[in-house]
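To start, I am sharing the structure in question, which I have written as structure tokens.
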Amino acid sequence: MATHAYRVQRTTHASRVGLGVAILALPALITLPAWGDPASMRRLVEFIALLVLAQMWNLLAGYAGLLSIGQQAYVGLGGYALIVLADDLGVDPFLSVPLAGLIAMAIALPTAALVFRFQGGYFAVGTWAVAEVFRLLVANTGALGRGTGRTLKAVFPLARETRELVTYDIALALAVAALVGIYAFLRARFGLGLMAVRDSEAASQTLGVDVFRTKLIVYLLAAFGTGATGAVIYLNLLRISPDAAFSINWTASTIFIVVIGGIGTLEGPLVGAVVFFVLRELLADYGAWYMILLGALAVSVMLAYPQGLWGLIAERWDVHVFPVQRRLRIDDAPRP
Amino acid sequence: MSRLAVRQLDAFYGNFQALFGISLDVDEGETVAIIGANGSGKSTFLKAVAGALPVARAAVELDGVAVGGRPAHALVDRGVTLVPEGRRIFPSLTVEENLRIGGYRARPGHWTLERVYALFPRLAERRRQPGTNLSGGEQQMLAIGRGLMANPRLLLIDEISLGLAPAMVKQLYDVLAAVTAEGMTTVVVEQDVSQVLRIARRVFCFRKGAVSLAGRPDELSRSRIAAAYFGA
Amino acid sequence: MGWLDTIVQGLLLGGLYALFATGLSLIFGVMRIVNLAHGDFSILAAFLAVVLVDALALHWLLALALVVPLMALLGYLLQRLVLNRLLGRGILPPILVTFGLSIIIQNALLETFSADSRRLNPGGIDTASLALGGGLAVGWFSLITLLVAVLVLTGLQLFIGRTRRGRAFRATADDQATAALMGIDDRGLYALAMALSLGIVAVAGVFLGIRTTFAFSSGPDRLLFAFEAVIIGGLGSLWGTLVGGAILGVAQTVGAKLSPGWGILTGHLVFLGVLLIRPQGLFARQRRLD
């Protein structure tokens, strides 16, 4: 009986193309401050923030099956951590970004101990209740400015261009780190276990995957990413208040981005973020109609095309720019 | 025209094919047994007939009407009742409520609460207890009684003997014999071959999703059944 | 205002919370769905009542009598046309879709009614009070709210426990596949459950609107309190929901008395405390917790 040669393929044509595009685009993005205007830079920082938030939420819900509507807790915690570190403790404001992520992650640990007692829909509301607790605690704390909030003063000594430049660079670094990090994470053995858990908890458990530990690690990593992003957001905005920082709108936006773009894929949040931003620009004058339309779009997508925009594209043309699967390719010609 | 006519029935669980072109007939008033090893497709067959699995429309005919693929709850009105594998008694309901829910669709017929209690006196004794407080054998009685309450034209029973002592199984088949003697069209899936052959007029043996043997119990020798059951 | 008065106020507030929580508990028990727009539907009902009372000069009771069936119908259609399509697709879609609905409703209310706070004008019943002796007085309306909550819970308990449909609810909640074998059509049942849920939460919304001011964004807090009341009381127990509501109400009023900004926060902390110490709630009856 002839045997066929086989290999395990991990890249796809599209991923090689995608890598090429990224390599070309990166210098353009890095040098944007030189040839772009400040408004574009700020916009790009906002876009990046939402993109990273969406990637984190996607990691939680699309890969770990943890549907959290309380991630705004970590946006707020990251933002306030920035203020406290930079203004009160004299830490370099730009270094405070990853530190804020660490603080958010530290708080996520006891939080997980609580909310992991829930499953499914009740887990979702539980995470939200916790976010509300954080909001109220901050709003009642004098040192954090109570309801009126605080302003980031540590950056005042810097020239405006410098501040904007470094903020932009940090945002860019965050985006690259998040994308590369998540991608590497999913392609590693741990990621394989994670996707097994997503597909079937019971089955993966019998195969030796520690489901609880897997989910916990993902939750902590997402908290880190979300916290760091919160710090970047408020590095950009400079003014923080509890109602804004812990607002459910952060989660609403990221959910819509991921649902419309395609949940459970890495390309989906990217596509969704672009759609989100374009719609926001188009409907800027229409106030609340923007959110109504976005909500209706997300609901419709969920009803009719649950795989999202990117899911449709990927199915139709079998395209994977960030392939995380391992495919068995069997050569046609048998080995002698 | 037979009560149940199955024609070239295929059934799938996702991509996995469980039944391959099953064809058989059951006449009105007849009791038919389906035997076979685990995984041979017996339960799948009952689920397909009862509407719990999607199948081709023409594959299942009830009194000449094509009903394949209709949802389970719609088929109850047409007189198809499945007593499911594992009893599946409702824990939140008492014994009496479990029986009553069997009669949810209020189909006309002579099976009433009193008649079921007459058939299974032990259920009457425990009528107010939660359904799952009963022993395995009593739960099986309850499951059968619940099925009868629907006044079916076609009664499908899936594996009565599972997990029960032989004495209890014999007792249940005595009751079943009385029910089928009244003319209830019945298809019984069973692993305990000896008991079910007592009440069946014809028997089918399933193997790997297909019919491997069909005939009357008195025509089939033990060795032929064993060969069909396990494969030559 | 002594402590006794605070606690009594909290208990009465619990009646309102129980009304909010009942519909949520029912839906979750039967269909395992958490309707994230639950609170927003109650606020929608409150706004509808405001329109009827202000624009058509209707008595608030009449407005209530119109709004409740309207919201029940909305719930029926919502389940039939939208949520039933998501059956069998796991837990994510219903949560995401109801979350989307929540955002849509809030923003639609914002567009229609602006960000202003509103209040229903009930012609004095909200200020009338009953003296209980010992210097203690309770608002008539708070009492009525509690009474209505008890009536609704009793009615629902009777429906679920004694009627044919109620049996079908319990059977479906236990084992939907086997319930189908009994001839029970889950889709119709779910639509009925959602109709009941929204009808009840409409009552809660109107009563809230009489008791206090509300705005387009008041929905999510209602959902949270309803959720907390259900968890404290324990899943699967309707009367537990009343107790849960009472405990939450007392926690909030006591917290507010200690420090004005701490009312709601105290409620959240008590909820988290119950979750830590006794996660299944005080009167849990359900076999599974999820």
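Letters A, B and C name the chains as they come in the text, with residue numbers starting at 1 for each one.
By our rule, a residue touches a chain if its C-beta (ideal position, glycine included) is under 8 Å from a C-beta of that chain, and two chains touch if they have at least 3 such contacts.
Just so it is clear, the structure is predicted and the values come from calculations on it, not from any experiment.
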Q) Among all chains, which one's averaged Cα position is nearest the averaged Cα position of every protein chain shown? A) C
(Q) Quick check for the class: compute each chain's Cα centroid; which one is farthest from the centroid of chain B? (A) A
Q) Between chain A and chain C, what's the gap in Å when you average each chain's C-alpha atoms? A) 33
Q: Starting from the mean Cα coordinates of chain A and chain B, work out the distance between those two points in Å.
A: 52
Q) Once you find the CA centre of chain B and the CA centre of chain C, what distance in Å lies between them? A) 44
Q: Enumerate the contact residues on chain C facing chain A in the complex.
A: 28, 32-34, 36, 82, 85-86, 89, 91-97, 99-101, 103-104, 106-108, 110-111, 220, 223-224, 227-228, 231, 259, 261-262, 264-265, 268-269, 271-272, 275-276, 279, 289-290
Q: Please name which positions on chain A make contact with chain C in the complex.
A: 61, 65, 67, 69, 114, 117-122, 124-126, 128-130, 132-133, 136-137, 139-140, 248, 252, 255-256, 259, 263, 287-289, 291-292, 294-296, 298-299, 302-303, 306
Q: In the complex, go through chain C and note every residue touching chain B.
A: 164, 167-168, 170-171, 173-175, 177-186, 287
Q.
Going by the contact rule set out above, which residues of chain B touch chain C in the complex?
A. 50, 52, 71-74, 76-77, 81-82, 84, 88, 90-93, 97, 100-102, 104-105, 146, 150
